[in-house]
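You will see chain A twice below: alongside chain B first, and alongside chain C after that.
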Partner chain A sequence: MKALALVAAMEGLLIPLLALLLSLGIFGVFLLAVDNDPFGVFYSMYRGGFGSPFSWRNTLERAAPLMLTALCTALPARLGLIMIGGEGALVIGGIAAASVGLSLNGNAPWLVMIAMVIAGAFSGGLWIASTGWLKHYRGVNETITSLLFNYIAIALLNHLITGPMRDPQSLNKPATLPIGSANMIADIPELGVHWGLAFGLVLCLLYYLIFQHTTLGFAVRIIGGNIRTAKIVGLPVGRLTVMTCFFAGAAAGLAGMIEVAAIHGTANGSLAAGYGYAGILVAFLARQNPLTVIPVAILLGGISASAGLLQRSHHLPDATVFILQGIIFIVILLSETLYGRLKLLCDERGRT
Partner chain B sequence: MTAEALTSPFQSATALEVINLCKSFGALRVLDNISFQLHRGSFHALLGGNGAGKSTLVKCIMGYYHADQGSVLIDNRKREINNTRDAHQHGLGMVYQHFTLVPEMTVLENLVLSRSPIPKIINWQKEKQHLETLMAETPFKIPLHKKASALAAGEKQKVEILKQLFLQPEILILDEPTSVLTPQEADEVLDMLKKWTRSKNLSVLIITHKFREVMNFADDVSILRRGKLAYSGPLAEKTPAMLAELMVGNEEIASTGARELVLKGDIRLDIHQLVASNDSGAVAVDGISLQLHGGEILGIAGVSGNGQRELVQVLSGQRSPDSGDIRVCGEPYTASREEMARHKLYCLPEEPLRNACVPRMNLVENLALRIFDQPRYTRWKWFLNRQALKAHALKLIARYHVRPPELERWIETLSGGNVQRLVLAREISGEVDLLITANPCFGLDFAATAEIRRQLMEARNRGVAVLLVSEDLDELLELSDRIAVIFGGQLRYEAPIAQANMDEMGLKMAGH
Partner chain C sequence: MNAIAKKTFTHTLKKLCTSTFIFSLSFALLPAAYGDDVVVGFIYVGSKGDYGYNQAHALGAAAVKAMPGVKVIEEENVPETIAVQNTMESMINLDGAKLIFPTSFGYFDPHILTVAPKYPDVTILHAGGLYQEGKHPLNAGSYFGYIDEAQYIAGIVAGGTSKSGKLGFIAAKPIPQVLRNINSFTLGAQSVNPKITTQVIFTGDWAMPVKEAEAANSLIDQGIDVITMHVDSPKVIIEICERRGIYSSGYHADQSELAPKGYLTGAEWNWPKVYTDFVTLLKDGKPFPHLLRGGIKEGLVKVSKYGPAVSAKTAALADAAKAKFMAGDMVIYKGELKDNKGNVVIPAGTALSQTDIQLESMDYLVAGVIGNTGS
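And now, the complex of A and B:
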């Protein structure tokens, strides 16, 4: 049935697009209510996110961690899990990367870099893998565990940067010692964006390949689709669950490492800036597809990059973009209920 | 004295009459001009193959569906029944095929819950007394304080019937109420209903598949065939053979296939003292030992809820055993994918859509579940070879007549029989050494049932070892080489089929 496949394909595109438009509409009403010109604001958002090379750089810099944290929700979603622990995994990855960077300081920069990548990815991976383990072997709800794990991670970060790992020089913004400019991630030549963006792109592509086209990815989809069937065909459900969650957490942990090694130079409170939560939004908007995560992360990165311009030219507080993000999230969750209905509609018609 | 000996003075009056009822779903005409009468105080059986329209017909009567045409008369007056509440008001009650009890509530709470309207303040003492009096009039003994989830399937069914009797309907419709009961329990229930038709003027319309019950209890019978009424009238001199012919018409039915003489093969499955718990942690399989040889079908009979499900789940990999030893072809078995592939172990579980399919994957993907990681169906070792999987699916769909043959369709949009055929194709089309199957024909019509039984027998003749767990005694008697009875998680009886004693098995199934 070509028509069916076409509707299904269109559905995946149409519904998120409509949801985005509806969100902009609601946001517009909000802007009117606070005495602003919606279209002026929309235009400024476009300019602030995608209007100039400078704003593009800003956007891509934000899109990089978003791609990675989105993967932290998108991969477990294939197992049928709703994992919202990207924020915690990012923070843990950042702490681990900073610790390793600091303790290896003085070694060859390439060695420090590799060690930080491994530390960030591995710690974030273990963080989310443990929620996967709790889910599969102990039946603890993964959404709640991963949310609570976020608080633990942030508390741990605060403990470390205000206590044992605090740089005495950091007075009003507690932070660890700087990892040193030699160990920082450089910019991609010509583009002016750090190499972290490449990490994000490569991981999205790699995960897409693994989870969409390999036997492993298919096995994970079977588990997500019907765990009883997965068991009847003998799949190692526990192992695959924990492994997929590890891959997911590793991506978010890597985002933390990039934030430390490309932006802040230290582990500090700004690690918990909400990239983990915005990543959930990206994953849902991208329908949990690692490849679609790329453009959606850029879009959301652009919205968040435009906050400064909105503040300057419309006197809107920079929290305004979070309101838009919140609206989009609610509308996207609502639109999830529409999937399959279009198809059903065509189906009925096809039968009669 | 049996109930049949009592005569009913009310039989001439009509309690319910259906006139020219038609119902279509899309282009499919499910009910085509159905007219029949249910006499007051009579026991009326409704027969028909699956998909004949029996359930649709009673759902139209109950207002669950809206008929396209035709009318329903109660006490010779035309009634508009738009929902089940209307139906209750006109004195109609129905026992559904699936259970409607709230598992976390006690029997008493469940029964009071069904009252409509539920009183604002509930006098539990009074309700309890009332129910105890009611129960005293029936042969049922069900502890009122027990949670519904703790009841065995047979008990649940009795509570469902009690629930309706509690509401004192004048017409009671039952949709296959005996499918989870032992033959003795079924007789008990039907005998009671029959008595109530005589003593309380109750009119019963009962859907069933079992000719034995029809022959023993029914006054009248209506037979549906593909949405048309094939017969409606007194049972009188109808024999089971005549009823079967009316149900099937002149369709060809695949015969089960002959049991060929096969040399007993090696031991394929050897279970020793297996113990397993159910979902709530209670012991469900309580020390089962059995051996299964190649070329034989070992049937396991029992009323549902006696550990069959858990046994099958352990063997199929859905549940870990607590203790005991399972060997397949002499080697320890842990239900891993590698072991299943090596020993060619396959499984036809009950409710295939729920247990053996991924509802929102298409036909190709569902047919690939067993083979997607085999070298023939992969590329560069780790990548799916979608072309090869598609070719495989096309072949199987054609060979097993899965309809509609649209590869991209989600399997959940297929009918039950087609889902079952697809799973059958996946599980037994290749080389099989050991097949675990549970209620493989549940909910399928005559033709599909015969087809699946033929396939099972053919597999056995090829030398496959088949473990057949079923609640359908006729099926077990037809297919098994050896038969065992499971009760309370233990095997209570075992005999070669030639020596199996029906009465003794029935008693063992009830735990005597």
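And now, the complex of A and C:
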């Protein structure tokens, strides 16, 4: 059994690594085709994403929201659901956090902070839980619902910031009133990245433990494996579905709260910046595993951090990194077929 | 391997690792060398080839690029999130930029206000005109043009050319900057033909090509024969107007090549002048204006060359207005002015000059505009 676990772990490490190398190779050919020096570009990518303390900060700041929005897709995937509502849950979480922050303004900052965290997580949770509910109790396709919920969330945001919640001073870029500098999330000392990163890391770890190592997580995986079996063995399928979706949405809602409280200081149109959609990519690349979400988010954060340098130093268009992301996405999805087939590891498996 | 050999081996390995590490670190920390050239960064919110807002700024960057002793670096499609903070810091830390022009309105608060205090020896100048003396960092600045002056002249051309007397305006959001353009365009047209109306459609955001196309088609179906706009990329709208055989008036940059027949004129930015002026001042270490605003007279905005459909009579009217702007005695907003709900917004006898702060919070559409400011 132990050897089997070891093989599985090695596969889990080796296959994505090979896939990444292959992706870089294909990307290199693409760069050659557009008359660019692949190694120069790779070096710039390293330099822009990971080459200096500043680059690391840049990367981690971009990775922080992705970790949280990725969880919004990764958890429902364990139920067999394809949820793409991270963008909407993030926006709703941001609105809720801003309104709570504004209405409690003047109280002790720690109190406001806790209230904003709860508001962001709770509202995002309810947002996605309701799509889970619609799926289980009404049979509405969760992918479509969660996509449409994104549009509703963004429309609601636009309505609130141009109408009832608008700061009259925000003339040409509508926004809510600022929550106040006292209530903002600080930076992690030394690192210079805001504490939102810690939220992402902790939540990924926590969700990994819950959904990989508890009976609850096991029950959820049974539902994802075969919903009939789950019903026959008497699992409360509806409740587990709604609850898992709630956890998922809470993560994205928290991302929205962090955008408001660590970056913008207000809720405004920039909340819908595409983190929710990028999170879907992260979740799929991480094979819906909350723990793997961390390195994948950092990798994608690094790639997007280096995007600017590619434009500036190599005169490559902005879309270049999307091409790399697309190549990685396809190669990693294809590499899934390799699990259990690697010749190198096959003998080991046969022996156990 | 005996103990001593092992020890030396690990020692060498350690030393090797540290030196490589330090080497690579110092290498990575060194900004890319561009000789003694001043590195100037430009940041765009969209594509710099959008035939619109961003292209207008990129033309300014191209003019700076042609200056001696200057190295220009550019980054496009940078959203108004922490991404722009990182782009600015990346330009400073990795490329050694000394002057940065982040060109989108939403880059200022909180992004420039967060980054500027961290790098006091770098100057960050923003397109938007939001700088407040005493409140904002000393190494920051903001500039913007009264482009509604150019829209007023474009309105004269549109009003003089339109046969149906019905103009169309496709706009992103009902915010003061946009409302001011719609109103100035309409007032310009009404100065030629008082009965003229402008139908407005708001699309909700700066770059919504599909909605913009739908709006253009529906305006044309209503019998409107001149369309102008305030969106980031006017390309789609101008092309539809040309295809359906009506006139168009451009915005941000010169779009005449997209509509050789129907393009009347357009309200354009004159960023090459602004950017080369700023770079010249800063290169010589001279003080620069923290808040720079101006219109046609100051050379911040201009009007596209008139198209073939513009009659000599209309062109003369437009040129007369332009001359008045150049002389500084043109006032667009003067009483009595009513909004399109019948309320008096500027009482009789009052004239608001372009610099008047009251115009900055415009929240109405003037009489003759069909549409409302509610979103």
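In the analysis below, the second predicted complex is superposed on the first by the 272 of 352 C-alpha atoms of A that agree within 3 Å, B and C clash if a C-alpha of one lies under 4 Å from a C-alpha of the other, contacts with A are read in each partner's own complex, and residues count from 1 in each chain.
Convention: contacts are C-beta pairs under 8 Å (C-beta built on N, C-alpha and C of every residue); 3 or more make two chains touch, one makes a residue touch a chain.
Bear in mind the structure is a predicted one, so any value in this text is a computation, not a measurement.
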Quiz item: Is A:S52 in contact with chain B, with chain C, with both, or with neither (first, second, both, neither)?
Solution: second
Practice problem: Quick one: classify A:H159 as touching chain B (first), chain C (second), both or neither. | Solution: second
Practice problem: Mind working out whether A:R62 is in touch with chain B, chain C, both or neither, as first, second, both or neither? | Solution: second
Self-check item: Greater chain A contact set [chain C / chain B]
Solution: C
Quiz item: Taking the superposition as given, does A:A33 touch the first partner, chain B, the second, chain C, both, or neither?
Solution: neither
Practice problem: Have a look at where A:V233 lands relative to chain B and chain C in the superposition and call it first, second, both or neither. | Solution: first
Practice problem: Give every residue of chain C touching chain A within the complex, in rising order. | Solution: 24-25, 28-29, 32, 41, 47, 73-83, 86-87, 89-91, 93-95, 105-106, 109-110, 128, 173-177, 204-205, 360-361, 375
Self-check item: In the complex with chain C, residue positions of chain A that touch it
Solution: 47-48, 51-52, 54-55, 58, 61-62, 158-159, 162-163, 171-174, 259, 263-265, 268-270, 273-274, 304-305, 308-309, 311-313, 318
Self-check item: In the complex, chain B residues that touch chain A
Solution: 26-27, 316-318, 335-341, 347, 349, 354-361, 365, 368-370, 372-373, 378, 382-384, 406, 408-409, 413
Quiz item: Quick one: in the complex, what on chain A touches chain B?
Solution: 1, 4-5, 213-216, 218-219, 221-222, 225-226, 228-229, 231-236, 347-348, 351-352
